[in-house]
Structures are given as structure tokens and as C-alpha cells.
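I have a structure here, written as C-alpha cells, and I will follow up with some questions on it.
The chains carry the letters A, B and C, assigned in the order they are written, with residues numbered from 1 in each.
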Amino acid sequence: MEFHHLGTKKIFVDTTTEPVTSLEEILRILSAKVLQIPHGTDIPLKSGEKRIIENVACPICAELCDYLKIEITGNRIVRNIGGCAKSVSKFLNYHKDRILKPYIRINDKLVEVSLEEALDKAADILVNAKYPLIYGLSITSVKTDEYAIQLAELLRGAVDNPSTFCHGPTSLAVQEVGGVFTTFSDVINLADLVIFWGSDPINSHVNHLSRNIVPKGRFIGGRKDRKIVVIDIRRTELANMADLFIQVKPGRDVELITALRMALHDLDIEVDNVAGVPRDMVYKLADMMASAKYGVIMYGLGITENGVKHRSVEELMKLVQDLNEYTKFAVMPMRGHYNVVGSNEASLWLTGYPYAVDFARGFSRMYVGVTTAMDLLINGDVDAALIVGHDPVASFPRKAVQHLSRIPVIVIDPKWSLTTAFADVIIPSGMTGIECEGSAYRMDKIPIRMKKILDPPPGVLCDYEILKLLIDRVINKKVGKA
Amino acid sequence: MTQILIKNGYVFDPLNGIKGEVTDIAIKDGKIVDPRELNPEEGITVINASGKVVMPGGIDIHSHIAGPKINIGRMMRPEDHYTTNKPGVFPYIRAETGLSTPNVFRIGYEYAIMGYTLVAEPATPPVMTRHTHHELNAIPIIDKMAYVVVDSNWMLLDLITNNDPKLLAAYLSWILKATKSYALKLVDPGSDFAWLLQGRGLDISDELPVYNFTPADIIKSIAEAAQVLNLPHKLHVHCNRLGFPGNYATTLRTMELALNIHRVSEGLALHVTHVQFTGYKGDSWSTLESGGEEIAKELNSNPYVSLDLGQAIPDRAVTTMTADATFQFVLYHIMKNKWYSSDIESDGASGIVPYKYKKKNYVNTVQWVIGLEVALLARDISRVFIATDHPNAGLFTDYPLIFAWLMSKKARKIP
Amino acid sequence: MRMTVTYHLRLKDKPSVLVDARSITPDSFAGKQLNGILSLRILEGGRQITLQDLFDVDGPSEAPKDPGEIAIVIDGSINKISFVGYKMSKGSITINGDAGHFIGYRMRGGSIVVHGNVRNYLGAKMRDGSIEVFGNAEHWIGAKLLGEKPGKGMKGGTIIIHGNAGSEIGSGMKSGTIIIDGDAGNSVGNHMVGGTIIIKGNCGLYPGLEMSSGRIVINGSVEALLPSFYVDSLIQPLKVKGITFNKSFMSFIGDALVGGHGLLQVSYEDNKELLEEFRKLLE
């Protein structure tokens, strides 16, 4: 098999004769603390009374589809109507690979303990740490976020959420210049030009197109009345259904944004070719944008995580601000986890900063590159970690993961993950949106109520309840020490 | 059972005409009672208030303390947080940060220190009110409430078109219930709809795009629905053309509407908010004059309206944030710095721009005068509320300054 | 002649977490007894400790009143000791080893020399004085903090890095000089309103993004330039801050989007492919 990647380099993918790497081997390579994870820990299913629960919000991505119909018999979820494949899989397999008991690590074994013991050990770790990091918070409700931030403040540690490696640059751009944002309803009812820039909802936010682009709005027809432009580094699946596809050199989006702004400002563009896009095409696109009635740029990690990161988003915000001199134009960041926006929002109202908040001096501080979780872990700047509802080992760089193997780690999660193999204490939690309720924020900052449709397994608490217990214990221990 | 006895303070109670009498106040189970009702056997917490004033908690009826735009203001202004911190005290006092975009803890603590006990967040879009409640819940100590923004809601505009007042009242009642809000708010009525569709604002008698009625009709219809629903605070109006020279005429016409509506319930019919921003006389910024006198005259002759000042505070860096997206767009062109705008689920739109009032700026000086002029010329001060439209014209922590300006001619002299 | 006294700080145990050592400045040593210096407050992570918990200190029993007469030498430092030289006005600090973040943050005078690598925000928001680093430095050198207006970055003084440096060098700087002997990262000198940045090695993407004034000189190759910079001329040789480069440079004026008249000068020989188009424009 051969395909073009990044325009120039060719990558060959061939079948291999080597044996498949086992989980144990992967954990060994990552230098995990525990190589054996307990098996066969599904929640036992019992059939029973059939129930259909309507308007359930989906705890997967920041699209937060809140119109699912979930059919349940007993404690078995049998059907998910309205959800995408990811959603169906999450609901129907909610019972699989669950952590059902608290564990603590003794040498290289995980040992089942009572919740009391686990909380006690966790509180000991946190109180004895000089500078603990609390990380996660995007796959849970804002209530949990609030408690986690309170805990970080009590411990004078740092607290961060996954925007640190996805849409953090969006927040940084807003810090620098502001921005012009919009919501789904406005897109459905008004948008006649939708530009997908460095984003591919077909794969990331599966229902996004059928929900926002296809439907007829009040002041605009359906898909046929909307122009769709795709700007990406390669011809994505989405590009095939677009009215215009513009291929831009990888990491060079800022050049195109700058050229578009120059076209709007009536400045000469001297070069013939901007980031792989011919000059005429730049003028054409600028024209198209300025003459739209209501335009929206839906951008993804292609913008936020390219060469100059937050400066790319900053320039995009400026472009949209400039476009508002001509017409109505806005951006919509295609956020990832279902409550990553909520973790930013809760952090803002409690600390004034959206992520990467540090309480070393007793008040909140945010310095990108200093208090960001990735920098803290890669450079070994923290001496304990509490991971709430997230799997950093699966997504962090190797050096950061290695530090997790050197420091005590507490994991609060509903399911077994790679991170649990790095844990010294594991406390099981209910799944928000299925077993626990709360609020989550859609990518356009609309708060959505996450429903509780089933009880958590016996003895398992929701993560905010666990954090509350942990806070009480930390206060008692610190007061005791003093 | 909690029993509290506040002893020997100078007690002020305007409702009961008590003006500085030295007496004791007894509280039992959260209610003020006759001191004889306290039972010493159950334990009484005694507070010695001698030499101090004992008065009812202050009420701020217009201060942007919670909701999506406040939070975006916080995000947009990290520079407001870098040097304005106060560390928490373990384990229960939380860290404070921010001046014009304070975090929830500073809001609660500072209001409590000023003696305020109830604060109203004046603009929450219905679909975002879940967020507003999250923030309100996080504010410590004080009581909070919110007004829900209903002016550019499409469903509501349809109901006004269909001329079905009963259904309109029922819809508004549902919105209030569903969003758990206290009152109805109109922000630059109809303008957000025009902004969404055409990127422009409206004056009170301009016709809305698509619909064939005017902002005046919106105010009238909703004010009448509020009469039917007998709401305690009927209608909170942020007038059209806010921030444009000459807009005092629009404010006067908005206030006059209170006389013309069909009144079936008691009390005030309309509250006109932050009149400073809508009290500009003159054709342009360079010919700007105060319309405060005219507004005060209208207030004195019209018994159905109340107002708050939106008092501008000189030399104060603020973060302007309103659901009036049109005006914020204009302000962005004046400031040429940061600008945030968001359209919210077709219910409305909002804008945020950092700003600074300067003592030596002519326009800012006129703005300072307008608020004071209205308050000083008003005859019935129970219908005039002191506010800075925090954090738009000043901060809520500036209220003591305003009290001083209103009570002392000396304090009003610009140094 | 002025006498200089030296305080030797030797690291005892390597800290396992970030250390906020903003009290290590000649200004906070000045006029103190040795005991007072030993008990200066340091933050280890979120915990308060004293200077003597972290360092063995050698020096006179009483420090002079004038910080200009104080030299501080730190031995065996690791990359976790941050905020050294915070707001210092006079005197000198020498770090024999690596240093952490915010070295010389808001510095007002004096000198800092680091014989090792430093991390982010070196000399951020500094007003005057000099910083010399013999190793590498990371991002945000002489920068403003996020959200602040352009011009709130470095306001004066000199920063010299003998190794390589990261991104966002001189972001929002107003005046002063930054010289990088090695390579630099992306968006060098963004939002600059004055001052000079000299990169003797190669440079990443988009130097001068949104700069309105000031000067950026790049002696090596550049990954990409913004179209909002207009080509002005070819110069040879180039003289800047007493340094002469004996090769041809192409001068650009920008960033046009902010109506800027900043000077961006890029080595022509090292970027022939990238600059070929502009050379044609010049002809």
C-alpha cells in the first residue's frame, strides 16, 4: 500500500511477519509500574424491565448530541438511536472492562482494598507531595472540575486539562486578541458559507454535518444553499463533498490567513504562490468570504497545532474580525472531548485562567510552558499526579509518561486504561452521562445536562463524590500535620 | 436553631423609618424577631456592634457577576489577573484574582465586605443560563439572581407577530421557570436580531428585518405580558442606541412607553438600566452633552419607571461586556485592541471590549456627569439605584466613591 | 573604587519540583546579615522553605547596602530553580549550571550570566541590564506575557544566548537587544514595536509576525516568511549593533497588516531558493 503524506514524503505500509506486541510488552516498554491488569471485570448484566430514555446527551465528543434515545432492559443498554458509531459503542459497551473495586499497588501488583483505604493512601500521597499535578477533567462534569481545582488550590499544586495539547492555542489567541464566535443554531439558520479549516468532522464529529450543515434553516435552505470550502493539507473525505477544496502546505496556514487579510485590506500580495495556494485563488477565497451573508470557519487541530500554534489561531481571529467589516463572520473551534470546554469554563470562573493553572504561591497563575502539564511532566517538575477521568499514558509523549512511572500516581476512572498500569492508587468512578449526572459544555460553549440513566455499580461513586471525600481527607491530614 | 443578637449598633431601616437609633436586632432561624423571642437556654450568639451601623444588606440590581460573557471576559483579560491576586487561606478562604474580571470568590468576598447581600446578574441568554447558575452557585456568601434576556428570541418575535398576548405571557412564564430566573431583560430590543441578519443595530422606532414591527412594540408587548404575570420586577430594559450620541431621546421614549401600556398589576412597570450609557445629548462625540436633566425630569413625572445609573468611574480600567453586540463592534473600532463577539443560539449576541475611562477625556467626563445629574435631580430616590453596570462603567467596588459623590459637593470636585 | 563582595550558593540536594527562588537577587541580599540571607524565603513547589534548606551559602557576615556591590554565584544549579534575579536593579548573578524559568524576569539592571541552559521566559519584561547564557534557552526570551499589549515585552538591556533558542523570542518587545548565536524557533519578534533581534544561525517560521517597528536580522536560513512583508533592497555588508556581516542581506519592511515599518533583514545566500522570487521583484 502506498499513499502520499505531507505532500512530499512517501510512506510505505507493509504487512509484517512479526508477532503482535502484547499489552504486557507495551507496558514494559513504557516502564509501567504494573504489568498485569486484572481481567474479566465487566459489570454483570441482568435483563429486566425495558425502558426507553429520550433526549440523552452523548458523552463522547464536544458535539454533545443531546437527542439520543437509549433503550435499556435491566442494566443492559440494548439500543442507541441517533448516536454515531462511537456513541453506540460507548453506550452498548459501558459495562465492559470496568474498574469495580479500589486498588492500591504493592510492589508490582494491584491489590483490592476498601474505598476508605484507597482514599487514605491517596490523601497521604497528595499531602506529602511538594508540588502535585491534577490532570484530566475533560471527560467528566463541571462539578468534578470545580472540586479538582479546589483540591489543587488546597495542595498548592497545578491543575491542567487536555486543552493543553489540543485547543489551548484557541484560548491563548482569545487572551491576545479576542475573537468572533458563534453557535450551532446560528450556523443552521443563517450560514451560507462554511469553511472547514484543518478539521474533518466526518471522522472526528460524526453527526456534525447532518446536524448543522444539511438541515434547512429559517433564512437559508439546506446543503444546496450553503457553500462549503475545505482547507486542508490533503484531500480529506470531507474535501470530496466540498464546493471548493484548497490544499495548503503543511504547517503554513498562517501565510494563507495573512494573504487573505491582505486581500481584505487592499494590500498587494507580491508573491505568486502563498503556502502552495496560487494568488488568484487567495483573491477568489477572500471575495467569497467577504460576499457571504453569514460565514463560519470551523477549524480544528490543523490550525491550533501547526507551526506557530496560538499565533495561527490569533491570525485566524484577526481575519474574522476583519471580515466583520464587510459581513457577518465567525469561527467555531471543533473541540474534542465532550466536556473539554467545560473544564476551561470552570477553571475560568474559579481561577481566571482556562487551563494550566498553578497554585504554588497560593493564588492562580498560568504561564504557558511553565505550568502546562506537558512541560511539568516532561521536565519532571512535579512529584505526584492525580489523574481524573483521562488516559494520559495513551496520548502523552514518552518522556512525560516516563515521569509518571517515577512519581506516585492516583487514578480515578471508570475503566481500565494504560494509565492505570502507572497507578499507585486506583479509585473506580461512575461514568458521567450514563451513571452520573452533571453539566457538560458543547464546542460552542452551550451547557448541556448530562443525564444519569443507570446506577453506578455497587460501591462505586461518581468522581465528584470521590473528590469531595478526598478534599475532606486532605484538609484533615494537613490540619493534623500542622 | 440559630439565635443571634446584634447589640448596640446604630440601626437604619428606611422601610420602617428608623434612622440611626441605637438598639438591638435579634435573629432567630434566619428571620428578624423581637429580642424577647430569643430563648437564652438554647444559646445566643451575641455580636457587639457598638459604634457601628446596622442596616439591611445592600441590593445591587444590575451587576454582571456571572454567565458566559463574564467568563469570556476572564479568558480575554489575563493581564487583569497577573498582578491582582490575593492568596487563599487554608482551608476555607479561596484565592482571589482579577479587578474588572474577578473570579467568583473575589465577587462574593468584596460584595460581602461592602455590606451587600443580594446581587442580580442582569443578562443571561436562556440557553446559557445553566452556565450562569453554575457561576452564581460558585459565588460565596451573597444571595444571587439572574434576569433572562428575551428580546431577540425568534419564537418570541413570532408570538408578537401573531398578536397572541396570552400565549406570549405563557411562553415568557415558561422561560422564567425553565431558566430559574427572576425577571425579564431586554437588551437593545430587536437589535441582536438585526445584528445577526445584517450586522447593524436599531433605534426604537426602526422596523426589524423580516418582522414588521419595531423595538417599541417589543417593549410594549413584553411589558404587558409582565403585567399579566405580575412579576415582582417587571421589565429590565437596556435602551436602544446605547452608546450613540443623541440617544437620550430614545431613552425618554422608552420611559414614556410605561405610561402607555395596559397596566393590570401594581408597582413599577419598567426599569431603565444604566442610563448613563443612554443619556447622551448632541450629534457627535465632540458635541456631546449630558441628557441627565431630561431623564431626571421624565423620571419625576412618570411614576411607573425606575432606573439605575451605570455611573462611570474616571481613571478606571474596565471590561465592557454587553449583550449589545452592535455597540461593542463600534467600541472595538474606537479602542482598536481586543474584541470578542459571540452569537448565541439565535437568542442574542454579545460583545466584550476592554476600555479605560480617563479623567482628561471630554466624553468620559460627560459620562461621569450624566449619572450624577440624574441621581441628584431625581425627587423620588427610591426609584434610583446606584450601580456601575459592573464591569462596564466601573467596578462594583467603586460604589463607596459614588456614595461620596452623591452626598458631598466637595467630593464631586474633580481634583 | 567600589568593592564587590561575593556570595557563593552551593546546591545541597537537587530539588524534585519547580523552585521559585525570586529572593535570590542582590537587592534582597543587600543590607542583610548572613542569617537574614540564609532565612530568605524560597518556594519549593507549593511549600515554603528557606535559602539555607536548598543551598550552602558562603559569604561575608553582612552584605553591603548597595546591591551593586553584591555578586551572587550559584553552583550546581539544575533546571528547576526559577525566578532568579527577579526585578534585580544592580549587582551580578552568575549561575554555574542550568537554570529554570523566568531568569531575570522584570529585571531593571545589573547582570546575569548562566553557564548552562535556561528554560522559558528568560529576561521576560526586562527593563535594563544584561543577560548572557552560554548554553541554550527555550521560548519567550525577552517576551511580554500573553494578553498584554504589544510593547509590554522587553523594554531595554541586552540578552545574549550563545547556544540555540526557542520560539516567541522578543514577543511584544519595545526596546533593547537580543542576540542569538545559534538557531532560533518560530515567530521571532512577533508584535515587536522596537528594539533589535539578531539571529546568527537559522530561524523558524514567520519572523516579525505583526511587528510594527524594530529590527530583526537573520544570518542563517529562514523556514518561511509572511507575505505581508514587502521587499525593500539588497544590502552588503550589513552592520548592526557593532556586528558586521560580510554577505548580502535582503531587507523587508512590515508587517503591512499592522501598518508596520519594522525592518526584517534575511541572509540572501542562505535563502536563495526562498528569496529568488523577491530578487526578481527587486529587478
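Operating definition for what follows: contacts are C-beta pairs under 8 Å (C-beta built on N, C-alpha and C of every residue); 3 or more make two chains touch, one makes a residue touch a chain.
Quick caveat: nothing in here was measured; it's all calculated off a predicted structure.
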item: Chain closest to the assembly centre - both centres taken as Cα means; value: A
item: Which of A-B and B-C has more C-beta contact pairs; value: A-B
item: CA centroid of chain A to CA centroid of chain B, Å; value: 36
item: Separation of chain B from chain C, taking each centre as the mean of its C-alpha atoms, in whole Å; value: 46
item: Multi-chain contact sites of chain C, meaning residues that touch two or more partners; value: 145-147
item: Junction residues of chain A, two or more chains touched; value: 175-176, 359, 361-362
item: For chain B, residues that touch 2 or more chains besides their own; value: 76-78
item: Residues of chain C that touch chain B when the two form their complex; value: 145-149
item: Chain C-touching residues of chain B, taken from the complex the two chains share; value: 76-79, 82, 337
item: Complex interface listing, chain C residues touching chain A; value: 16-18, 20, 43-47, 79-80, 82, 101-102, 119-121, 138-140, 145-147, 167, 186-187, 190, 204-206, 209, 223-224, 226-228, 230-231, 256-257, 277-278, 281
item: Chain C partner contacts - residues on chain A that touch it in the complex; value: 129-131, 155-157, 172, 175-176, 251-252, 254-255, 258-259, 261-262, 265, 267-272, 274, 307-308, 310-311, 315, 318, 359-362, 367-370, 375-376, 379-383
item: Of chain A, residues touching chain B in the complex; value: 142, 146, 150, 153-154, 171, 174-186, 189-190, 218-219, 294, 321, 324, 327-328, 330, 344-346, 348-354, 359, 361-366, 439, 441, 445-449, 475, 478-479
